[in-house]
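In the two assemblies presented below, chain A is common to both, partnered first by chain B and then by chain C.
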Partner chain A sequence: MRVLETGNHLVALAVRAAGVEVVPAYPITPQTQVIEKVAELIAGGHMDAEYIPVESEHSACAALIAASLTGARAFSATSAHGLAYMHEMVHFAAGIRAPVVMANINRALGPGWNIWCDHQDSISQRDTGWLQIYVASHQEVIDSVIQGFKITENWSVMLPLMVNLDAFVLSHTYTDAEVPEIEEVREFLPPYKPRWKLDPRFPVTHGSVVYPDDFSETRQSMQIGQNNARRVIKEVCRDYAEVFGRWHGDMVEEYLIDDAEIAIVAMGTLASESRVVVDVLRQEGLRVGLFRIRFFRPFPIEEIRSLGERVKSILVIDRNYSYGMEGAVFTELKGALYGFSNVPVRNLIVGLGGRDVSYELIADMTRKAISGELGEITWGDSRITPSHRVTLECLEEFKKLLG
Partner chain B sequence: MVTLKSLPEEELFLAGSTACHGCPSSLALRIAFKALGSNMVLIVVASCTSVLQGSYPLSAINVPLLNIAFAAGGAGASGAVAGFKALKKRGEIEEEPTVVMWGGDGGTYDIGIQSLSGAAERETNFIYFCYNNEMYSNTGTQRSGATPLGAWTTTTPAGKHQHRKDIAQIMIAHRIPYVATVSLAYPLDFYQKMQKAKSIVGTKYIELLAPCPPGWKFPSSKTIEVSRLAVQSGMWLLYEHENGETRFTAATKKIIEGKVKKRPVKEYLEMQGRFRPVLEKPEGKEAEDLLEKEVTESIRRLKGWVPEYI
Partner chain C sequence: MFQVRAHGLGGQGVVTLVTWAAEAAYRVGKHVQAFPFFSAERRGAPVKAYLRMDDKPISLRSQIKKPDILLVISSSVVGLALDEGMGENTKILINADLELAQKLAEHLVRDVCYLDATTIALENGLEVDGMPMVNVPLLGALVSFAKIAPFEVVMDVLDMPARGGNYRSFKNAAKAGYFSVRCTGTEEIAVSEG
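On to the complex of A and B.
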């Protein structure tokens, strides 16, 4: 089915195609259209699922977990403060091994209030045990939701999965996209059959007290699930391409990397922007390639080590910041390279709180990285002045500004 | 007529529980299981009941159980109810199991009130069971919104200065079909209210006063006696609220009808060590009077829902 829709509505259509049975959700900008569309599809008799209009995100994630543990396929969507508010349950979902999928519309965390795109929300959930996909196009939104269920419900994974899409850039813009037919998806993704569930015929206690004698094992088993996911992701993406004819990469997506001297590493729609940068700079004779991290968890360690062997330098774009350190992807990438490659890596921080990032800006920074002019960490689009800083001197400066 | 001897013999609360001696939650689980039968699912929020199940890989609870976060009781139940509805539609199960959420007063009065309120407003079909031991017993007896005035806890070392809230009345204000209070000293009244709750569609709220021997400082053999005196003194009123009307039950009914004389609150307070610090002080009498006044007010408020008193 060919449709012209917003990224948010495409999430809802993908959720229907995936045969989701329970959707607990709480509204937050810029996610609202996802759940409005789901509610509309159900009310109109176009989708057979239970919609739970919960009273908070903490409850949304709790209901998501419980619904999944009965054996039903469950989905939710959130963003930014909503994701932060459900943080306890985000850990819980992974710890109790609930194979759920949640769309997160990437938005900045306040204060100050900001409804626009950056990746601070989902990066802050890095260590919860969830798998994380960052998508770069409308079509990839649909395909990732369907792939997501196939990956998370795999017996060797059983960890929840977060599909991250950039606020407004994807969530609110319209593009034509292909939504697969429900019957076609059912064959690829049959109804969920759990190996354990809340079943009165076979009573089991879930999430009981675990003493120090057993706790490490439960956590190591989560890491084994993450490791297994690397293989499962590759299989699922390959099978998906065979059935539906669409490929967005698996763990990563490469563009003109093989003969590149410098690789731009990015996630989400800034990777789409960087693709344009590659084309522009190649016209100037610069050998630039794009390495898009599609799965941030599990982290593409092997792929990055292979990248380190092939290029002479790397520019990592982060749409987030780990305060007291640097961009999170920058840190992780260097960690993966440690002991394998000494290739110089630079960090570009741009697009926080939805600031528009032009391909010209990324191209300019890439040229500087090639010529060695770029510092280790560059806040590429920040216009900070003394009045932004929190010091007594700056307070005086601020007072002067006020007159 | 239901008698203690006619209760089902099947025990779904098995041996091996790690509860304290005289624990009211484990006694209540036994009665509740007998009333509800095995086609049920238990959701448990962080509380003593998370701990008394036993620890991994053993469990004393022979019904499927999901332990969920402290604030998430109503929401966890909502997800389970929706999940079973979906399974029934899919043809996986014939009958949806009864979903019961089990939590303490902390998980109900304080951190869990939002989740409970949301589930009730959505008319979720489940039983919310609060075993109210009037403090955070599991974390070592700290004050909660259910702690009565004057009671010692580790965070009210001089006795609590505020009244407890009346959450059953808050639940009645949600217009749910069934609200009831129960006591371990009146097990048949308890059993029948659980059975009735099971037969009603919608949100059912049941609250047990759960005297906690280590927290309230009384011998672990006295749980039932303290439960009984709580009812006889009016500090715990037994009633059920259905279709917009309240009906007093068991000993409370007899007290209200004048058939039995209400015992003074003082007797109930003196049975427990937690009121000793305040009773020993000059303001002890004042606390006692305030609690007597609280009882009178609670009865008056409840009578406003009873047709024969309106």
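On to the complex of A and C.
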């Protein structure tokens, strides 16, 4: 079914197509429309599921976990501060091995108060054990929700999965996309059959106290799940392409990398914008390629090592920052390359808090990276002045304003 | 690729207008992208919205600085609209009468195309809470001026919203918009056939 819809409504339509049975959620801009649409579909009899309006994001995630453990296919959606608020339960979902999918509409964390796009919210959940996809198009939003359940419910994975989509750029933008019919999806993604579930007839506790004697093992088991996911992701994405004819990459997506001298590495819609950069710079005779990281967790270690062997330099775009260090993708990418490649890597920080990032800006920075003018870390669109900083001069200015 | 940037005021239906235009293009087989710049939304505050149309899937996601058409829905945001950027070949389409359009054309030293959508909306009784529904005639104007689709497609798009009101008013206003865009520097009507 071809539709013209917002990214948020497409998430809801994908959730219905995936045969989701329980949706606990709490609204937060810019995610609210996901929940509105799901609630509307259920209330109108167009989706056979239980909608649980809860009193907070923390409870939303708790209900999500509980629903999943009773054997239901469960989904929720959140954003930014909502995700931060549920942080404790985000860890819990992975630790208890609940195969759920959650859409996170990527948004900056305040203060300064800001509802617009960057990746700080989900990057801050990096170490929780969730699988993380970052999508670059509306079509990929739909396909990733469906692929997501197939991946997370695989018995060798059993770790929750977060589908991250850029606020407004995807969430509130109308575009044309293909939503598969429920019947088509059912064959690819049959109803969830848990191998065990919580059942009051056979009471057990799950996720209870684990003593030091066994704790490391539970954590290592999560890492085994992440490692297994690399294989499962490739299989699921390949099968999905066979059934539905759509391919967005698996762990990563490459565009004109084979003969490239420099690779732009990016996640989310900045990768989509960078596709245009590649086309523009190739017309200038510059051999540029795009390497889009689709799965940030598990991190595409092998793919990046292969990239390191093929290109002469790498420009990593981060729409986040790890304070006291550098962009998170930059750190991770260098970690993967360590001991395998000495290719120079540069970091471009852009698009924080919804700052518009044009292909012209990325192209300009890429030209500078090629000519060696770009420093190790560049805040590409920041116009910082002393008045933005915590300085005595700034305080004096402020006092003058107060009179 | 064809790009439009629209400027207006909260309550004028700017975002709805751009979404309708996207639907018109979608109905004739184009790939489309329609998005507002969201801020603290309130009635009367400046609003901007963007529209991209192409025969192939669209990779660009950034805001539009050099649109093919700059659509100005309220004369009070002309300054904001111009500050946001234009290309050499950007065509200006403004909700204004001839007098205002001529003033703007003289100021900018370029032709300005115009439609008095406010008058058309009021003449057809299209009002919501005292605000003229300028987006109905302007949808007609944009779809014809940007050569998106024939007039019938405009009415297909307006079918659902028009059912909630007076269908004849919607149709007359959209038709007036579609067929009466004029430009300074010429006596001709920009589009005379659907």
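Basically, the second predicted complex is superposed on the first by the 392 of 403 C-alpha atoms of A that agree within 3 Å, B and C clash if a C-alpha of one lies under 4 Å from a C-alpha of the other, contacts with A are read in each partner's own complex, and residues count from 1 in each chain.
Convention: contacts are C-beta pairs under 8 Å (C-beta built on N, C-alpha and C of every residue); 3 or more make two chains touch, one makes a residue touch a chain.
Fair warning: this is a prediction, and the values are worked out from it, not measured in the lab.
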item: Chain B versus chain C as contact partner of A:64, first or second or both or neither; value: first
item: Chain A: partner with more touched residues, chain B or chain C; value: B
item: Partner chain(s) touched by A:317 [first = chain B, second = chain C, both, neither]; value: neither
item: Touched partner set for A:265, first chain B, second chain C, both or neither; value: neither
item: Touched partner set for A:162, first chain B, second chain C, both or neither; value: neither
item: Which superposed partner A:4 touches (first chain B, second chain C, both, neither); value: second
item: Touched partner set for A:176, first chain B, second chain C, both or neither; value: second
item: On chain A, the residue positions that both chain B and chain C contact, one per complex; value: none
item: Chain C - residues contacting chain A, complex; value: 19, 22-23, 26, 31-36, 38, 57-63, 65
item: Chain C-facing residues of chain A, complex; value: 4, 30, 115-116, 137, 166, 168-169, 172-176, 269-270, 272-273, 275-276, 356-359
item: Interface residues, chain A side, partner chain B - complex; value: 21-22, 24, 48-50, 52-56, 58-60, 62-72, 74, 88-89, 92, 191, 197-200, 202-211, 214
item: Residue numbers on chain B that touch chain A, as the complex places them; value: 38-41, 43, 50-51, 53-57, 59, 61-69, 71-72, 74-80, 82-87, 89-90, 92, 97, 114-115, 117-118, 121-122
